[in-house]
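Data first, discussion second: the structure below is written as C-alpha cells.
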Amino acid sequence: MAWTREDMARRAAQELRNGYYVNLGIGIPTLVANFIPDGVDVTLQSENGMLGMGPFPYEGEADPDLINAGKQTITELNRTSYFSSADSFAMIRGGHIDLSILGAMQVSEKGDLANWMIPGKMVKGMGGAMDLVAGVKKVVVIMDHNARDGSAKFIKECTLPLTGVNVVDMIISDVGVFLITDDGATLIELAPNISISDVQERTEANFKIDKQLL
Amino acid sequence: MAWTREDMARRAAQELRNGYYVNLGIGIPTLVANFIPDGVDVTLQSENGMLGMGPFPYEGEADPDLINAGKQTITELNRTSYFSSADSFAMIRGGHIDLSILGAMQVSEKGDLANWMIPGKMVKGMGGAMDLVAGVKKVVVIMDHNARDGSAKFIKECTLPLTGVNVVDMIISDVGVFLITDDGATLIELAPNISISDVQERTEANFKIDKQLL
Amino acid sequence: MNKVYNDAVASLNGILFNGMTIMAGGFGLCGIPENLIVALRDSGTTNITAISNNAGVDDFGLGLLLQTRQIKKMVSSYVGENKEFERQYLAEELELEFNPQGTLAERIRAGGAGIPGFYTKTGVGTLVAEGKEHKEFDSEVHIMETGLKADVSLVKAWKADTEGNLIFRKTGRNFNPMMATAGKITVAEVEELVEKGELDPDQIHTPGIFIQRIIVSKGLEKRIEQLTTRQKNSEGN
Amino acid sequence: MNKVYNDAVASLNGILFNGMTIMAGGFGLCGIPENLIVALRDSGTTNITAISNNAGVDDFGLGLLLQTRQIKKMVSSYVGENKEFERQYLAEELELEFNPQGTLAERIRAGGAGIPGFYTKTGVGTLVAEGKEHKEFDSEVHIMETGLKADVSLVKAWKADTEGNLIFRKTGRNFNPMMATAGKITVAEVEELVEKGELDPDQIHTPGIFIQRIIVSKGLEKRIEQLTTRQKNSEGN
C-alpha cells in the first residue's frame, strides 16, 4: 500500500530537528507543518519576507498585508520577524535555512531537480525555487513516484529544464525514501506492502538498497 | 589676503542646494554646516549610519550610541533615520548623495585625489573616503593651496597614493576656486587681493582662467 | 523641498515617457502601489518595461497595464495568476524575462547600491545561466548577474513622514525597499502620512533620501488573492 | 533551543580556537561587544584574524587583544586611534589589510548573503585595486571584491528577545547587522533581554536565525571617544 499525501508529509516531518529554520514549498510540503513531532520546535520561513509563519487566520481575521509565498493569508507568531525580499533571499542564498521541502516533476540519480517548466506549456516562472535549492543546507523532495501516465520521475538524467544541479538530498515518494549523496542514490525505506522490486520496476534511476531493507 | 578656514567653508556652503543630501568630511569641511545659507535645507549624512545629523549635544546630554563618522558626539533631528554601515555605503556607492566636501593632501589637474596615505608614515586607513569619492555625485575639496613647506598641492600628477581617479569636481583653497571637468581645470574665483599670477606661482597644475577673471 | 503630491496623477506628472523602465513593488497583490498603477495606466504611457516580481491578476495590479497593452516587456519571477498575460505571451505580443526571485531581489538591491554585477550559485546549470559569465569561488561554479535600475520606481508603504522616510507593514514590505533605492525617481504611495519627527528614527525602513514624491492612497482595495482561514476551535492550519 | 547564556565566558565556550577568524561589530567604540571582547581576551585564544572597522583604543575594545598580542591580523578601514597598534604594525608584528569602509561593509554583507564576489567602483586606480580583477560595466572600470565570513561574529545590540531577534540603537547599529549574518556562529551581547513577542515583528533589525547565542551585558562602560558638546543658549555646533 503506497503512502498517501499525508503519509509522505508525516515522513518528511521526521527530518525536522529542534531549532531548525525551514522553508516549505507549495502543495504537499505545506502539509508537513501539520505533522511536526512533539518537542521539536521549528521556525517556518516564507520567502516573501517572514520568519515564524503561523497558521491560517480565523474567519474574518485575514490581513491582506500578511500572506505566505503561496499568496495565502496566514498569521504571525510571537517569534515572527518581517524583512524585505532581498534580505529574505540573502538568508536563503547565504545558507542560513536548515531545510527546504518542495515538490518535483523529475529528480535525477545525481540529485538534479526539475520542477518549474514543461517546454511547450505556458511557463509561470521559477519563483524562489532556484534560490532555495541553491542555498538551503538540506533539500528534501516530496513527490508521487510516477507521473500520471505511469512514467518514472526518478530518472537517470532529467529531460525537463532544471531548477538546480546536484541539489536534492532526499526523495520521499509514495513508495519509499531515497537518500542522495555524492556516492549516488540509496533506497533507505519502503512504504508498507511495497517491495524492492516494485520500486525497481517503477524507477529509471540507478539506486543502491540500504542493507537494512535486504 | 587669502581666505581663512571659515572663508573657505563659507564659500563651500554656496555649493549647497535646497533639498541636497550632503556628506561632510572631518576638519574644515565640518565647518560648512555653520554657513548653510538661509532658505537652503540640506540633510547631512554621516557614513557610520545616519541621515539627518544634528549639532553637538548640550553638556551632560551626550549619548555614547550617537556619534558621527569623526567619532564626535552629536544629536538627532526630527528628520533623522539610522541604518547599518552596509546600507549607508549602498546609499553612497549608489549615487544617492548629492555632494561630498572633503580635505586633500594633493589634487591633480584631472581631478585625481590623494588624501589618505603618506608612504613611510604610519597609515591610519582610508575609512570611507574612497567610497565617497567614487559614489557621490559631486565632490568638492577644501584645502590649503600649498603644503606647510610651500610645495604645490594642486599638481599635474599626484605623487602620493590615490584615493580616487578623476573624482574631484571643485577645489576651494585659500587662494580661490577651481572647477575640474573632462576639459581640465579652470580657475573661476580669486580670494581678495590674490592675483592670477599669485595663483599661477603657487600651482603646479595646468589650469585655464575663467574669462570673468580676465 | 515639498515631496507630497495631492494625488497619484499629479505625482507622476512630468516623469513618464514611452519606452521607459518602471519598477513596481509588491508580492502578488500584497504591498502593491494601487493608485500609482491606475494613474500610470491612465497616463497612456506605452512600451513600458516593467520590473516586478509578479504581473498582477487580470483586472488588478499590473494586470491593468497588460489589458491596455502598455507593457512591452516584463522582468519577473512568477506570473502564474494572469490569463491575459498568458495570452499575450503565447501570441508573442509580450516579452518576458524570468529571474529567480532571489536573484531578482538582489539585482534590484545591487542597482540601487552601485553594484553593477555580482556572483551567485542560484541558477547554475539551468536555463537562467545561459550566456552568463561563469566563475569558480572555492571550487564552486557561480554565475554573474547584473544590477537593475529603473527610470521610475513605484512603491507602496504603510506610513511616511513628509521627508519621505518610510515604514512598511508585515509582508507588504517585500520588493518595495530595494525598488525605492533603484529608481532614478521613486514615488511612494502610503496609507498614512505623518509629520516629521513622528516616526522613530531607529525604525525607518527606507530613509527619505530614496523618495522624491509621496502620495496618500485613496480608496485602497488591498485585494486578497487566496483567502485561507480556519474555524475557531479547529486544529491545524 | 535555549540561546541565552549566563555570561560572556559561558557564551564563548567551545567555539574558540587558535588561528580563527573573528568579526567584531562597532564603529570606533560605539556599539562594540564590550563583555565579549574581554571574554575573548581572557580565553587566551591566539593568532586571531580580526575583521572590524577599527581596532579600538589602547586599553579598550579590540585594543585589549592587541595588548595581549592575541591578534595576528586586522582587516579594517581605519585604525588611527591606537598607539599599540601603530607600534606592532611598524615592528611588523601585526598584519594589516585595509579596506575602504563601504567595501568592507559590503564584503561582510556579501559573505552572509551567499555572494562570493561583486564589482564596485570604489578604489579603482588606487592601491586597493592592485591584484584584483577589473571589469567594465557601461564603459566604467570596476574591481571585484570578495565576500567575507567569520568563524565567530561578536555583535552588540540594544535589545534581544529569547529567539535572538535583535534591535539596535542609533549609530550603535553600524557593522553589527551584517556581521551577525556572516558568522558561522554569532554571539550577541545585548543591553536588555525580553520575552518572545515583546518586540514588534516589523521593527526587528536582525532576525533570530542569525543569532546562536545571547548574553546580557554586565557593567557596560560605553566609553565616548570624543566628547563634543555645546553650551545651552549658544549658536551653531
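All chains are identified by letter, namely A, B, C and D, in their written order; residue positions are counted from 1 within each chain.
Note that contacts are C-beta pairs under 8 Å (C-beta built on N, C-alpha and C of every residue); 3 or more make two chains touch, one makes a residue touch a chain.
Given the structure is predicted, the values throughout are model-derived calculations rather than measurements.
Across the two candidate interfaces, B-C and B-D, the one carrying more C-beta contacts is B-D. Averaging C-alpha coordinates per chain places the centre of chain A 36 Å away from that of chain D. Centroids of chain C and chain D (each the mean of its C-alpha atoms) stand 33 Å apart.
Rounded to a whole number, the gap between the C-alpha centres of chain B and chain D is 28 angstrom. Among the residues of chain B, those in touch with two or more other chains are 76, 82-83, 90, 92-93, 135.
Shown for chain C are the residues in touch with two or more other chains, namely 106, 109, 113-115, 120-121, 168-170, 173, 201-202. Viewed as a network of touching protein chains, the structure does not reduce to a path, ring, star or complete graph. Two chains count as a pair here when they touch; such pairs are A-C, A-D, B-C, B-D, C-D. On the chain D side of its complex with chain A, the touching residues are 1, 109, 111-115, 161, 163, 165, 181, 196-197, 201-202, 204, 207-210.
Against chain B, the residues of chain D that register as touching in their complex are 27-31, 53, 76-81, 86, 89-90, 98, 100-106, 108-109, 120-128, 158, 168-178, 205, 222-232, 236-237.
Contacts from chain A toward chain D in the complex involve residues 18-19, 21, 41, 43, 45, 51-52, 76, 78-83, 89-97, 134-135.
By the touch criterion given at the top, residues 106, 110, 113-121, 135, 137-138, 140, 142, 146, 167-170, 173, 201-203 of chain C touch chain D in their complex.
Across the interface of their complex, chain C is touched by residues 33-34, 46-50, 54-74, 76, 82-86, 88-90, 92-93, 112, 117, 122-131, 134-135, 161-165 of chain A.
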